[in-house]
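The two complexes that follow have chain A in common; it is paired with chain B in the first and with chain C in the second.
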Partner chain A sequence: MMTNTNQRLTQGQFSFLPDLTDPQITAQIEFALKNNWAVGIEYTDDPHPRNTYWEMFGNPMFDLKDAVGILAEINSCRKTFPQHYVRVTAFDSTRGVESLKMSYLVNRPTREPGFGLARTEVEGRNIRYRISSYATDKPEGERYGQ
Partner chain B sequence: MNDIGDVRTAKIRGRYDAGVMEYKKMGYWQPDYVPLDTDVIALFRITPQDGVDAEECAAAVAGESSTATWTVVWTDRLTACELYRAKAYRVDKVPNTGPGTSTPQQVFAWIAYDLDLFEPGSIANLTASIIGNVFGFKAVKALRLEDMRIPVAYLKTFQGPATGIVVERERLDKFGRPLLGATTKPKLGLSGRNYGRVVYEALKGGLDFVKDDENINSQPFMHWRDRFLYCMEAVNKAAAATGEVKGHYLNVTAGTMEEMYERAEFAKSLGAAIIMIDLVIGYTAIQSMAKWARKNDVILHLHRAGNSTYSRQKNHGMNFRVICKWMRMAGVDHIHAGTVVGKLEGDPAMIAGFYDTLRETSTKTNLEHGLFFDQDWASLNKVMPVASGGIHAGQMHQLLTYLGEDVVLQFGGGTIGHPMGIQAGATANRVALEVMVLARNEGRDIWNEGPQILKAAAQWCSPLKQAIETWGDIQFNYESTDTGDFLPTATATASA
Partner chain C sequence: MSAPDLPPAVDLQALLSASEITPVLDQLDAELVGLAPVKRRLREIAAYLLVTKARQQLGLEASAPSLHMCFTGNPGTGKTTVALRMASILHRLGYVRKGHLVSVTRDDLVGQYIGHTAPKTREVLKRAMGGVLFIDEAYYLYRPENERDYGQESIEILLQVMENQRDDLVVILAGYKNRMDTFFQSNPGMSSRIAHHIDFPDYGEDELLAIAQQMLVQMHYHVDAEGERALRDYIARRIQQPHFANARSMRNALDRVRLRQANRLFSQAQGSGSALTAEALSQISAADIRASRVFGVNTASLPDAPYP
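And now, the complex of A and B:
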């Protein structure tokens, strides 16, 4: 079990808030669309903080400008992967950015076992640290149950 | 006497006849000059000595900051001296100075420098001219460098920020909200073991970064290696506890470059994402550390220690926006650039100018914000401004409105001084931040509704409730000294 404040993974820009409701998610999608950002949906069962490439639930939706349609996509992802982490991203292709402007979780596994910290003592007092998710001891797709 | 004098002045004097000549007659005042796209342009605020006219003062500043000495020298003629002379081409009276005001007459002088006067990629060389001898020059009572236009051709000779805002966010996997930090307190006296405790608690509670203070280097109560080892234990333990990337700015400032490199290498070997340096190490040392940081995939934080000795008073020294420009060229990733609402100097319009200078790909002239030139940044990375000093969760709506989201908000006292402990202090700040970003994105008027938004979140977040009860009314209402010249402005207050 995670022992931090909310006993949950705190990646993403709204992880300290109660889970976002559908109307709240819709409002955030509308904010992204208003800024001309492309909304994307990604999922994973390997929440290591440096796991950059979550699986894409389709390409970023560059041409979909309808918040209701995007929410339907999000719900479809959550239905397909109910025990995965799902994040919604917003991509800004403006010169000088060309990167994400938003990233927030919209789905988590029921149980989040958290991460172990392994210390390898090396020369002197130096320590090499290894962070690993307890869930990733199991193969992909079998980590958080159905 | 008079007769002889008359005879001497009656004779038409050649430009290269020996003797003293007014600077404006030596070619340093050229009102018809049109600056080239490749010129460096500097804007100075000059308080002339009594009896010296504005054009002569401007020409003198141009002369002393480029090729001139106090008397004519024939050896000018061995050079393309007309090219190398800086040219004062415009003087304007500064609004609200001179007769009828409490301030002696000041003028803005616009001076253009040919690109070949400066060594490529060297802030030290640029500054040796622009702020070298000239600030002690007797012909002016006081002198302040207000702004500079750096040509694209010169910018392209600088590395720029080692990492930049965009890549820093990608590396940290943190998007769409300001980053949160805190400076470990008390800033002096903690042992390494106790120091790391503060770092761990604050990161686990929800901050992204904790920071060494500017004067934490390697003192008898805590030597640097001890600090680095304990801080990295704290960082890694907090990362595992939260599943988030965490960092601590390890201050590598030291007495020599060799010692700084040694400390930076050790930080890297421990897996530190970010290190820090102080402005007082000097421009060349900063550029060296920026190159090191780029080469070693480490983010470089700069604490602006010392800047107020020359940037705060309006009549003499230099404006902080020029430091922002030089530091973006020199290559730091973070720089402290004011909070507006906190305990340190900061007029809202001036700070908007600093932040734009650090974060935009180009900025337009904006006199209200103190930006005197259009400036194209030639794809140099963006610098993340850091707001630190006397800010707390109750000001979150003001901070987000004034400073935007590409900023590190550092709540030192506002985290560590929390009545329920450091973790609770960090959580209060993080919740306040996230709830405010959420509301802003939803289109709510956070400037006016901010206090209610925080109060609503405090209903389910007791650390935030306690933070607001402890600090909700704290404000720092002092007049700014470094204000704009073109519109009356006032320091914002926390009660707004």
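And now, the complex of A and C:
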């Protein structure tokens, strides 16, 4: 995560692979729909690994039966936030599971500076580590350029 | 152009059995009474799609055919039922991916204020992707008397999707014949994008009787010969009266007959205190049917109200 492999954020599924193409995303959505998972789209410009809750783009798509509608929504999110991270999630509502079964990035900023590691020396010469994205010094919306 | 990997011939019979379309069409024949022109038209469309599929396998056909349809007919003539079947026919032939039917009316498509319509229509279209979008009483989308009506916006989005995403969804418009004709006259773009216009004829008295009997069987009731005569009389009188809605009227009439039957059984049981057999519970007598108001009233002097 913090080593910024190939200058790319690696979170969720498929993130060490080249970016998914639209047909590949469609196939993944079909898989989620086949399992009756609700597909959602989320975006953020603060991709800190502890930032679990990204902003939702629209509602989770409980009622869609086909991937084409969801792909259209993904494209509209990409158009609205071209320089944000966008991920697609699939939520399994089975009782006792009730959590995400899939999560993968479908959009990333053109330039990803990665994360910095800061060491703080505390009592007894212990070291506390803190990681922060180089991009998050700027205010929300300006972090990865327009 | 002939690619080297194309087969020299296609087996239409094999295609037909692979698509499992015959059982759907047979079910349609068995379950839907009458509607001969509609059934013939559905068989034609199915055959056309199958042949198109064969042509595609031989590389003769490049683009998918336009499958948007318009169902016209009076209320209760089976437009929604046929649309449901159409969805499963198209699914088996592989022209829609999921084969679900999304049934909407004007309220689901048109918004109430500026900027509300487009997202609402898109939402519905997204839901219908991979299936069939059934727009009931489609002529309400266009209101010529109000030029600021948002229906036009909805129609434009529909047209765009009908043209550009032909293989993602099939749109079926439904409504009364004359009002749909007016609708198409004022929206020539819509008319030219719809390839199949199917007209649903009204049912005859014999067909209505067959429908009523089929409904009774489905609800596990039965009538004797006397009751059947009463039912026939009822249909002959009901057809003359205003607000007659074909099969829907039959369903409503049967619901009221069941009500009267229950009432009769109840008062009988209170009198005698004896237990009821399954036979008695599923028997509908002629008296239950003849108690309808249709029999007592002069047809000409009836108010425009539904019949109890």
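Convention: the second predicted complex is superposed on the first by the 140 of 146 C-alpha atoms of A that agree within 3 Å, B and C clash if a C-alpha of one lies under 4 Å from a C-alpha of the other, contacts with A are read in each partner's own complex, and residues count from 1 in each chain.
As a working rule, a residue touches a chain if its C-beta (ideal position, glycine included) is under 8 Å from a C-beta of that chain, and two chains touch if they have at least 3 such contacts.
In this text, all values refer to a predicted model and were calculated from it rather than measured experimentally.
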Superposition on chain A - do chain B and chain C clash or fit
fit
Check whether A:31 is in contact with chain B, with chain C, with both or with neither, and answer first, second, both or neither.
first
Once the structures are superposed on A, label A:22 by its partner contacts, choosing first (chain B), second (chain C), both or neither.
neither
In the superposed arrangement, does A:72 touch chain B (first), chain C (second), both or neither?
second
Using the touch definition from the top, say if A:142 reaches chain B (first), chain C (second), both or neither.
neither
Touch test for A:47: chain B only (first), chain C only (second), both, or neither?
first
Looking at chain A, does chain C or chain B touch more of its residues?
B
First, second, both or neither for A:63, with chain B first and chain C second:
second
Minimum C-alpha separation between chain B and chain C after superposing on chain A, in Å
16
Would you pull the chain A residues touching chain B in the complex into a rising list?
2-5, 9-11, 13-18, 24, 27-28, 31, 47-50, 52, 89-90, 95-104, 114-117, 125-129, 131, 133
If we count contacts the way the header does, which residues on chain A are in touch with chain C in the complex?
61, 63-70, 72-73
Contacting residues of chain C [partner chain A, same complex]:
97-98, 100, 125-127, 129-131, 165, 168
Any idea which chain B residues touch chain A in the complex?
166, 169-170, 173-177, 204-206, 229, 232-233, 236-237, 239-245, 269-271, 361, 379, 382, 423, 427, 430-431, 434-435, 437-438, 441-443, 460
